[in-house]
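The structures considered in this document are given below.
Look at the two complexes coming up: subunit A is in both, with subunit B in one and subunit C in the other.
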Partner chain A sequence: MRNLTVAFAALLAGMTLSVSEDAFAQERTVKITGFGAKSGVVRVFGINSEAAMKAGAEEINKTGGVTLGDGTKAKLTVEFLDDRCNAEEGISVVRRIASTDAFVAVGPTCSNVAESLFGILQKKAGDATDSGLQFPIIADVAAKGGLAKISEWSFRNVPSEFEMYKSLFAWVKSQHPNLKTIYGGVEKDFAHSNATFGVMKSQAETNGFQIAGSAEWLLNDTTFSTQVREMKRANADIVAISAHPFTTCGVLKEMERQGVKPKLLIGLTSSSSIETLQGCAKQAEGIIIPTSFAPVTPEAKKAAESVAKFGGSADLHSAAAYEIMFILKDVIQQQKIMAKPDTVQADRVKMRQGLAGLKETMGLLGKVGRTADREAIKPFLYVHAKGGSWQVLHKPSS
Partner chain B sequence: MDLLDLIDAVQSVADGVLFGATYALLGIGFTLIFGVMHKLNLSYAAASIGAAYASLLILAGIEAPAIFVFLMAAVAGGVIGGLVYLIAFKFIPLANPLATLMSTVGLLLLIDEIIVHSTAGVPLNYPALFSDVIIPMGPFNLRGDLIFVFALGCVCMVVLLLLLYRTKLGLATRAVSQQPIASELCGISITHVNVLTFVLTGVVGGIAGAMTGAAIGMLSPLLSLPLTVKGLIVTVIGGLGSIPGAIIAGLVVGGLENFFQFFRGVSERDLYIMLLLFAFLIFRPGGIFPTTAGRD
Partner chain C sequence: MDFYFGLIQIIGVHTLLGLSAYCVLLTGQVSLAQAGFFAIGAYVAGMLTVIAQWPLVPALGVSALVAGATACAVGFPALRVKGLMLVVATVAFGEAVRLFFFNFTYQVQAGNIRLGPHGGEGFRQIRYFPENGWTTLDVMLFIWAVVALVMAGLWWLNRSRAGAVLRAVGEDELAAQSTGINITAVKISAMTVGGVIAGIGGGIFAHYTTHIEHVQFGVVLATFAIAYPILGGLSNVFGTLLAVIFIQGFLIEGLRFMGDWRNLLFGGLIVLAMNVRPRGLLDAGAMLALKRLFFSRKERSDA
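Entry: the complex of A and B
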């Protein structure tokens, strides 16, 4: 009886130990840190990115999580820090993330932050003479063209606005050959709007449109009557507005007041959001905007629902954050990242190499190509505001 | 300059003058508080925008007429005004001018962040009265909504002047403004007058916030800072403590803004307004209507 008791106790102990090991294996978590604007007027971008990252993590965890280099399974968790869309804050936040066990960070929201932040990273990976931060960062929102080439540690999963507007203006030309002139409007003090306006103008000219003039305003302007009057006098066939929702709506409302009715309206990628519809759905009716996200595929629909569950809204920016979670999962598995405190630097190097080596990833609208300078070539479509919602107007790839 | 340019220039200035009514309303608030307490309340414009947001919040889910929304903004403005006094002035040593200045700066940022956190910074549609009314006057068109804002600004000014010069409260306010110690000796409660001044200016601020929202058609936290700057410029140009000065300066600044926008473009527009401010500070520091009354 005594022997039986000892044997039973030993068996129980063994089982407990085994369960503990299993439990330990199951409890391993990998924290992915995101950062972006969660205060100030661009707070909504941070909220959406965080929700999208959490939605992505939940989706991955539902299917078993991520397999680490030592074969153990880990669940993904998400932490999101606020950089207030401020370059100094952004750098400080990333230095803080880099002082932890994190092997990658996702962000930022604003191009001005990305531009400064990527500048503090080591320019060329492995360059011993460069004491820049050796920490991989993959951007989801910052949209200004060509930012990833600043450092070999910086990556982006944002759409190429150059490609989008190149395609859009060519399409407009083919669909509306009778439209000849174009008038532009730009939010002069916002880096993204200003840069994209340059793209719009050059693509319009390339496609044979005549630029009838352009009006400028500032991000927090309250009256647009002078600018819209100039627009009215130009009487152009197309009006292209490169501005964010607040001033886009201000201008559209002033256009309505002054009876400016162009034959076609074109908007900035960032304005294909719920904000524009909340602010001026009636006046925005018909505006065409290229975007890299719309809930048109089963995956995109599922992602949109999942992001909404976490209190965000899926748009071209947050969809990129959602996709990034899956990209990171794949790289962690391919590169056999260990995610342990003593392998942090090696994991960062592996993550960088893994991200740099990607030739293609799966996005919510289809395959996403990767360029040698660490940018994404994302599929896109054109949406237009119709009846208070964004509806797909045309899919260029189809 | 051809005739069309001239017409456009005049129309731009006219639009600016009418929109300047919102600056004038804000200027009145700044100037009233300064007149009574000799303190600058830098959170005033943010509180005004906050009141306009609050009116949307109070009436969320109800299809309320625009005038009711404006009324709610005025009420919310009054409540916020009282709170501003309580937070930024009541417990702060008034003898130290920097202390209250900094507390109102803090409150400005706090109100801004409260708006941002409760709306995620998303611009919200704001109702307007007479937004579809355009009054043609020869080659010019006047916006119905801006004329309403302008008229309301004038009504506010008249009501405030009547309140200040025809009521006991106004008498007490002026007495505290000019001779606070003597007023106290006469049995006037300075705290009571101060609170009422903040509530009153809060009501005007709520109307200013609502009118700004109505004139633009939207509310955004982006409005707080530029309106604070405009309100201060208007107060200084009009003459610190002068209500008619604030009204005139508001309209002048609104008109000049569009004038410079038309002739010099957006990148230089604010430069000239700032130059105007410096010109006043150097050559006429008392503003258009310098206050003549003294103070203890």
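Entry: the complex of A and C
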């Protein structure tokens, strides 16, 4: 009897081992490739996106990974390529990714790159007369309005800046009825800053603010004395700066040097980041910025910690990259993507259909709506710089 | 393969840009205006195919003419100055062109969208290639047919009396003038030919990137334009091609896997290449060696 028990135990152990070996053999990896600027003035956005994608993949892998169409489980891995914020390089990077087994790519950082990339994609899915690339791309950072409209293969998980500034200026008007004039500053050669400045200006006028003038500078500029002198002369109640952290800090420091103290400061969404605080926390004190990310929910706090572990910082852009990893996981499972070399084109079509069919996704601040033209409607709030950190100032009801 | 075809497209267009600067460099002039002519070609060709719905080839013809005419017009005042002053003058022209397109808006309504250049936001939807069913291979073959034509033309020019005149002016202006060569006419002609080539290159560039905006045509592009022929060598047109392959194919694309280190290596390798081959990657000595190698093998095989 004892021998029988030992034999049974050995058989059981063998079976268990064989099962776990089978399970091990079936465990696969799916590579998600991101791309964006990892060099140049805006390199920090690429670094943060890569960290956020890796953090998202780690969280997904911790909970077992993703289930593929044939029932096997796969772990997600992330590769991130640098396009140097250059349209030609962006096209080359995407062609490189599309020449592999990848069924989706995440990126880019810069709106000018997205313009070109989305342009080389097939405009209408299934249009046999259009020889554009049939490859789904979902953008995390490129924030210029209306980009996803360019192709049915392009998607974005970026907030609507139009809605953000529409809400913000209405709120400012209601909270500060005594403020009448506004002066604008814009990083004129950067597509996102330039386009958003147009939104800021129109929303300011819509809400009855009088435009006292505007100053322009370039992304690579390092001196702003002339622009700030004009700003000082205008003596407006509000100064709205549509620029990224690097020149925003330059302008804010120059404003301090020249003693320009507006009653209210408004900034660009992209400047609600750690880089602004690292560069000019003192000068940025009080600046109000609408953002689609702040560590105010347990999920957002967890994401911020996780992104930091991978050497990045969570802001509205990298948070979008983090969310995208979970969106992709859901679509892979819903669409039963196989992730095999012989199903690449079918997987791409399924991924496109899956992304296009999304009506709502879960974001770090709550539910994110999806529009018919493949854009996101993200919840947002206003933050202001206070004591060297970003603090929530107001959360609009809608 | 699409990735490689795409890369070969980029190399082709940058070769045209480099060859446009090559023409001017032959006369001993350093022009940073090529990015401006390239921009003119890009916007003109883009507007003709998108707004006027022209086929691509005539649109490229017009873009070449407009860029060439501009180069000719710019050449007269600009080429009155020399050396560093010419560099400054041509940079100023390039920036003026860039800023013109930065402020230039001309859009027409097409259905529910507006098409055409839109100032600082650029000019999108230049989708002639995909809308007409051109594959990446088709585009690549088209670009290289154009590059081959231009290179053949310049190769012929190099070996003709006109080429000797260009080189004579480039080597020693005073000596050339004393032999009765009209220096101004030669320089303006070189500038015009350079403008024509840049115009064609820009026109193709607009169509394969599908979106153009002023920032793409700045000083960096102008620097690349003259870096190609200088790095490749002025002894013949293939030097420029070799330099473009080295920069676009190897330094930019080949080293992409190196991540952040790529940018450090980029500058270092260019400096190294210029130190190792100060007269260009394909200088007269290298060409002679290649000829000897080629002809001695041919003679051996004939024997």
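The rule is short, and it goes like this: the second predicted complex is superposed on the first by the 372 of 398 C-alpha atoms of A that agree within 3 Å, B and C clash if a C-alpha of one lies under 4 Å from a C-alpha of the other, contacts with A are read in each partner's own complex, and residues count from 1 in each chain.
As a convention for this text, a residue touches a chain if its C-beta (ideal position, glycine included) is under 8 Å from a C-beta of that chain, and two chains touch if they have at least 3 such contacts.
Note that this is a predicted model, so its numbers are computed, not measured.
Contact with both subunit B and subunit C is seen for A:39 once the two complexes are overlaid on the shared chain. By the document's definition of touching, of the two partners only subunit B reaches A:249; subunit C does not. Looking at the shared chain after the overlay, A:223 reaches subunit B, while subunit C stays out of its contact range. Once the two complexes are overlaid on the shared chain, A:319 sits clear of subunit B and of subunit C alike.
By the touch criterion stated above, A:260 is placed in contact with neither subunit B nor subunit C. Of the two partner chains, neither subunit B nor subunit C is touched by A:328. Contact with subunit B, but none with subunit C, is seen for A:279 once the two complexes are overlaid on the shared chain. Once the two complexes are laid over each other on the shared chain, residue contacts for A:188 go to subunit B and to subunit C alike. Residues 39, 188 of subunit A contact both subunit B in one complex and subunit C in the other. Subunit A meets subunit C in the complex at residues 38-39, 81-82, 84, 87-89, 91-93, 95-96, 98-99, 112, 115-116, 119-120, 122-123, 129-133, 144, 150, 188-191, 194-195. Residues 4, 8, 11-12, 15-16, 19, 113, 116-117, 120-125, 131, 134, 141, 143, 212, 215-218, 220-223, 225-227, 257-258, 261-262, 265-267 of subunit B are the ones touching subunit A in the complex. Residues 39-44, 47, 188, 216-223, 225-227, 229-230, 233, 245-246, 249-250, 253, 257-258, 274-275, 278-280 of subunit A touch subunit B in their complex. Remark: subunit C residues 1-3, 6-7, 10, 102, 120-122, 124-127, 129-136, 208-211, 213-216, 252-253, 256, 259-260, 262-263 touch subunit A in the complex.
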